[in-house]
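Multiple structures are listed underneath, in structure tokens.
Each of the two complexes below includes chain A, the first together with chain B, the second together with chain C.
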Partner chain A sequence: MKFLRIVVENVLRNPLRTLLTTLGTMVLVFVVTMVWSVLSFLDEQTAEKNANLKAIVTERWQLPSQMPYSYAASLREGAAREADDIRPTDSMTWSFFGGSLDPESRTRESSLFAFALQPEKLMTMMDELDALPLSQAAELEIAVEKMAGNRQGIILGRDRLAAINKQIGDRFTLYGFNYEDINLELEVVGVFPPGRYDNSAAINVEYLNAAMDAYPQTHAGQKHPLADKSLNLVWLRVPNTQAYSQVAEQISNSPSYASPAVKVETASSGVATFLEAYRDLVWGMRWLLAPAILITLSLVISNAISISVRERQKEFAVLKVLGFKPFQILSLVIGESLLIGATAGLLSAGATWGLINHVMGGFTFPIAFFGIFYIPDASLWWGLAVGGGAALLGSCVPAWTACRVRVSEVFARVA
Partner chain B sequence: MINSHTFNPSAQLLAQTAASTLGISNSVLVPLGVLFGLAALLLFFGRIPISYNLLNLTVRWRTTLLTALAFTLVISLLTVMLAFVNGMYQLTENSGHPENVVVLAEGSTDESFSNLGFSDIGDIENQAGILRPDGRPLLSRETYLVVNQPIPNAPPGGPQRRFLQLRGIVDPNIAAQVHQIVLYEGGGWFSESGVQEVDSASATTAVEVVVGEGIARELGSSRTEAELAAAANSNRLDVGDVFSLSNRPWKVVGVMQSSGSTFDSEVWAKQSLIGPMFGKETYTALVARTADAESAATLKNFLNNDYKKAAVSALSEPEYYAGLSSTNRQFLFGIIFVAIVMAIGGVFGVMNTMFAAIGQRTKDIGVLRLIGYRRRQILISFLLESLAIAFIGGLLGCAVGMLADGWTATSILSAGQGGGGKFIVLKLAVDANTIAVGLLLALVMGLAGGLLPSLSAMRLSALDALR
Partner chain C sequence: MANEPCVSVNGVHKFFRRGSERVDVLNGLTLSVPEGEFLGLMGPSGSGKTTLLNLIAGLDKPSEGEVWVRGEKISAKSEGGLADWRTRSIGFIFQFYHLLPVLTAYRNVEIPLLLLPLNAKQRREQVMTALEVVGLADRIKHRPGQLSGGQQQRVGIARAIVTDPSLIVADEPTGDLDAASAGEILDLLCELKASLNKTIIMVTHDPRAASRADRVLHLDKGQLVADTPALSETA
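Up next, the complex of A and B:
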């Protein structure tokens, strides 16, 4: 305790220097925290899970994946035909509908891209929506029930709702541009909870399918060009890797999916493929940006500690005369540095977590289809580790210099 | 009568001439010029010899080195990040020829989502303005596809698939003229049939393809050691090499010379083959070549406003690629944010250094005041010292950052929300503008970090300093 008291007193002896070093550390830890938040999220998304996996079924070759909707029923069962075939524990189909509220123009304010899906699957199959806090889950459930009861219902993210200048209860027409000549009359029945789906929209796939079925009646019996291409994705939930392998084999071996052929992969594998385009950017963030910031942080702290050590040569000489051992002086200097670095790092990470997650509602970074990123709870120990680690690294040399102070040389200069 | 406007055009002209000569944008050149001018003024009006400051920097060389190193790191990072965005913008610009008009389906801004029926657009080639050097219109009919390719020999734990950008071309010679594509010697365009027999015993035919240099490198990297050892070119796929896609062999018959455009990342093949193979029975774009930018604008306006035979949307090629620059802008904002935050951290560092330097030299300051130097000259002296550290560190940082020039990196060009986009291989480009931004940031950091300490030095009275 006495040692800690001495360390604290030394740190507070030059409040300006301590403040500047703390502020510099906090600012740099802020950047590192944001960079590592992006990297850790991407790593999580691409890490293969062993349990409660999600598999994606898509068209085998082409992007965007376009399959006939007739595939949906059997794919949702994992192409199970025999009694001992494995069926997924849950499933969901996605069809992407893009449209504009203005038939004449397409702007950010008038455009809307919606997932056409089974409403009840929003609560069980969509990432993060399947694990909401009770109050948010209850609200979303009400909206889902409305969408299930009203095929023309649409649920929007709050940012998209604001961008198109609508509110719950409003009705509008969405003029399709990927589904040309398919115009959907929609009613806003709910809003997604704040977070990842702020710019998303979801409609009832039954409504889209009905519109596709009705198309020939108004177009001289011609099927819509996307009539056999309206199924974009099928999500399957399986309990473990063994079940996934079996379901994948069932689907791959099934003769029902010949034209177009389909492929099955885990969600993490699918995401990894999309992230390949960003691999150099991610590599740069991981191995250039973050290390450079850490080194800069070490330099800032090292500079401050070096200046402090140089100014306190006499003090260290006196301490040696009083009987302090070199390792005690070394520990004193390192302790001061650690106190500043670790405290600043922890404060910075905490402030970043609060600011980004609760004040700003996340931060945007254009990687793949991930619109928004959050700071994970683990960032609190990141800040502590980064600040403390940089402080330790930066203070090694100055601390060694301090403990090697020669009493006779110092007092000779004084004399 | 003297017209006040006569002065402004001259200054503007000077700035524009300097900007275009140096290759630095006005928005960077002007503040950089101001800062250099400020430094020059400080040097001119500062009476304390600059050698005093430089000597102090060398005497306290450890502190100077640590501070300058921090600057070096911040500026070198900024240079590399800006070089990345520069590379993306250059690729976007190089991909678009002002003489070309891109015709898409109405409402489309990205050919990924465009569908032009074969019959819909048959008449477009007859329109005025399209060049006809040998009687045939320079109108390239194209089908753009993105397909999924399992990566051969993919290491476990890594991605098992990649996205390949295919472009189905009706007439490769027309396409080459429209897009100004040149092939490396030894290669050629695909044949009329677009296929070539590779195994007479099994009658296996390979799809003939011409690949961009960037994707040739990417595909070449998936070869085994044995394949690399036997390859004619170990750096990339070359003429005669074969890769697998959609359970068929695809044979390289030509490699496009790098044009710094999105075509470097594409695989071209016969449209009549790959369209049906991947279920795309329409064109995605027509690209017409005109005489010049003005003719392109005329054709574009005609197709958008007066052409009634099909619902199309026409853009000049530069406009089309500019529309795909949304990711460029987003990356740029991200880089600016990171650079500013890191710079703030660096400012605190240099402030620490300067406060410490002033703290150790209070007696120097007292003596300088006693021998007649004014307060403002003390201020100028310490500001110059701070700017000197910043300039040295910034210059080193720019030098280190320049090593990244020419590095290749993958990325994506996209219009933003709504998917689509093009996977690209770009070259990082460190140009004069990038260096200027680096130096500008370094000097701003030096000025911001040195101002407060210099002001505190200025306020010291001679007697207090010597006490």
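Up next, the complex of A and C:
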């Protein structure tokens, strides 16, 4: 602490240089924070959990997964047949319905992609919606009750609602494009809370099933081509990995799912499979982009500190004359660098966190089905660590140079 | 102990390598400086004055020979040991003051005390005492850029005496000053010697500065060529 004043005064000796180094550091830390926010979220989604797992059941040999809806009832029970078979603690089925508000054209403003599901499962099985703050949960619950009571109800994300230029209470017809000739008359009964589902939509699966059942009446008794393919995915909640293994075995061994065959995997594994298409992009971000930025950051700080050290050779010689040991001079130089790097890193990460999360409401990075990313709270110590770490690395050589100044040589040059 | 010299240089050789060439700077130099003496070192450029001063101040080590200061063989100390020893035992005054430009006069004088186990109150007492001795107690908040050359050298002297060393080495302390300021600085050095019994070794080209010393040694080509009493005595 005694030397802190000397460190601070030296950092402030050239305000312009310090300011430019700080700004450069802040920009680079900002980029690293954004990149790591995306990577850490994806890592979280693909990390295997030990408890309260979700399993996904999908068609084994085909993408997209298209199973008959008759599978739903038994899959919800985990294909349990014997008394000691494990049953999931909760479940949810998904059918994907894509359509357009305009039968003649399909544009971003007119298109809608909806999950057809059991309304009550929105609050218990959907990621993040099962852990909302009280006020948001209460609002969503009202919308869910309306959808359960009115099977033509639709709940939309805010951005999607704005894109199709509708509001709560409006009615519209959704002309199916994956379910051809199936047109749904829908009424907006609520919106998702802001965040992950801003571009999503959910409808009552009973309405879709009823429309599929009614199809033959208007199509010469012919079943809809997707009549036996309307179940795309089943979610099962199990308490732990052991229960998951047993449920997976029950489903895999059941003769009820022979054609088409099904497969069971954890949600994180399922997400990882989906992200396989982005593997190179993620790899590049993790092992090329982020390291390149960190190296650049170290070089920026190293350059600034090197110039400062070269200007102060005589001062370091004087400090040695006065009794400073080499490691003390090394500590002064590293201290200056750390002060700039750590402070700039923390400020940058904090500003990024505030700006992205609270001003912009997240940043858009379209990768897989994740549309919006947020900066995690951990970014604050990322900024400190990245700024401080780069400063430490960048100041090693200049600090070593400073502490190896030979007093007699410096004053010989002066004389 | 009373008769032991403050500084004793015995058979010291010092050479440097410039590529493959060996440059001899000091050749078998022997001298002693009693306690409380004000010694002047004179000689042409390249005679080895500053090198000798560096050896006595523990800033360099002899190639051969021994250097003793107040009963300690400093030529045998390690780099770390010399650094500690310099903090407590030596005050160094530079020709160009070499104050840290970003620190105030107070903070500049305080620097050596930061290396000692003193609390802030003790450091303040010693700093103010040193600045009062040099007559700059009213300039503690001034930075070097706000002080004249003479005032900066006074701050340099305050820094040199703040740890109460017994030996002060001065390398051309008046070399960058006008005549009036130089006279004030020399008065101050004489005062330090007289009232605080400091031993002072001063390198100088200036005969007027040398005339204030008790004794003047002349070096040429790394050897003592003359050992004269103060020039004022011979005038």
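Remarks
Rule of thumb we're sticking to: the second predicted complex is superposed on the first by the 415 of 415 C-alpha atoms of A that agree within 3 Å, B and C clash if a C-alpha of one lies under 4 Å from a C-alpha of the other, contacts with A are read in each partner's own complex, and residues count from 1 in each chain.
By definition in this document, contacts are C-beta pairs under 8 Å (C-beta built on N, C-alpha and C of every residue); 3 or more make two chains touch, one makes a residue touch a chain.
Treat the numbers as computed from the prediction; the structure is a model and nothing was measured.
Of the two partners chain B and chain C, it is B that touches the larger number of chain A residues.
Of the two partner chains placed by the overlay, neither chain B nor chain C lies in contact with A:Ala73. In the superposed pair of complexes, A:Ala258 makes contact with neither chain B nor chain C. In the superposed model, A:Lys2 makes contact with chain C only, not with chain B. Of the two partner chains placed by the overlay, neither chain B nor chain C lies in contact with A:Leu134.
Once chain A of one complex is fitted onto chain A of the other, the partner contacts of A:Phe30 are limited to chain B, with no touch recorded for chain C. In the overlay built on the shared chain, the residue A:Thr21 is in contact with chain B alone; chain C does not reach it. In the superposition on chain A, A:Gly284 makes contact with chain B only, while chain C stays out of contact range. In the superposition on chain A, contact is made by A:Val300 with chain B only, not with chain C.
Within the complex, the chain A residues that touch chain B are 16-17, 20-21, 23-25, 27-28, 30-31, 60-64, 66, 96, 98, 106, 108, 111, 113, 177-178, 199, 225, 229, 260, 263, 265, 269, 272-281, 284, 288-289, 292-293, 295-297, 299-300, 302-304, 306-307, 311, 364-366, 369.
For chain A in complex with chain C, the residues that touch the partner chain are 2-3, 5-6, 9-10, 12-13, 314-315, 318-326, 328, 407-408, 411-412, 414-415. Within the complex, the chain C residues that touch chain A are 50-51, 54, 57, 59-60, 79-80, 83-84, 86-88, 92, 94-96, 98, 100-103, 107, 111-112, 114-115, 159, 171. Across the complex, chain B meets chain A through its residues 62-63, 66-67, 69-70, 73-74, 76-77, 80-81, 84, 107-109, 112-113, 115, 145-148, 158-163, 245-246, 278-280, 326-327, 330-331, 334, 338, 341-342, 344-349, 351-353, 355-356, 359-360, 409-412, 414, 416-419, 423.
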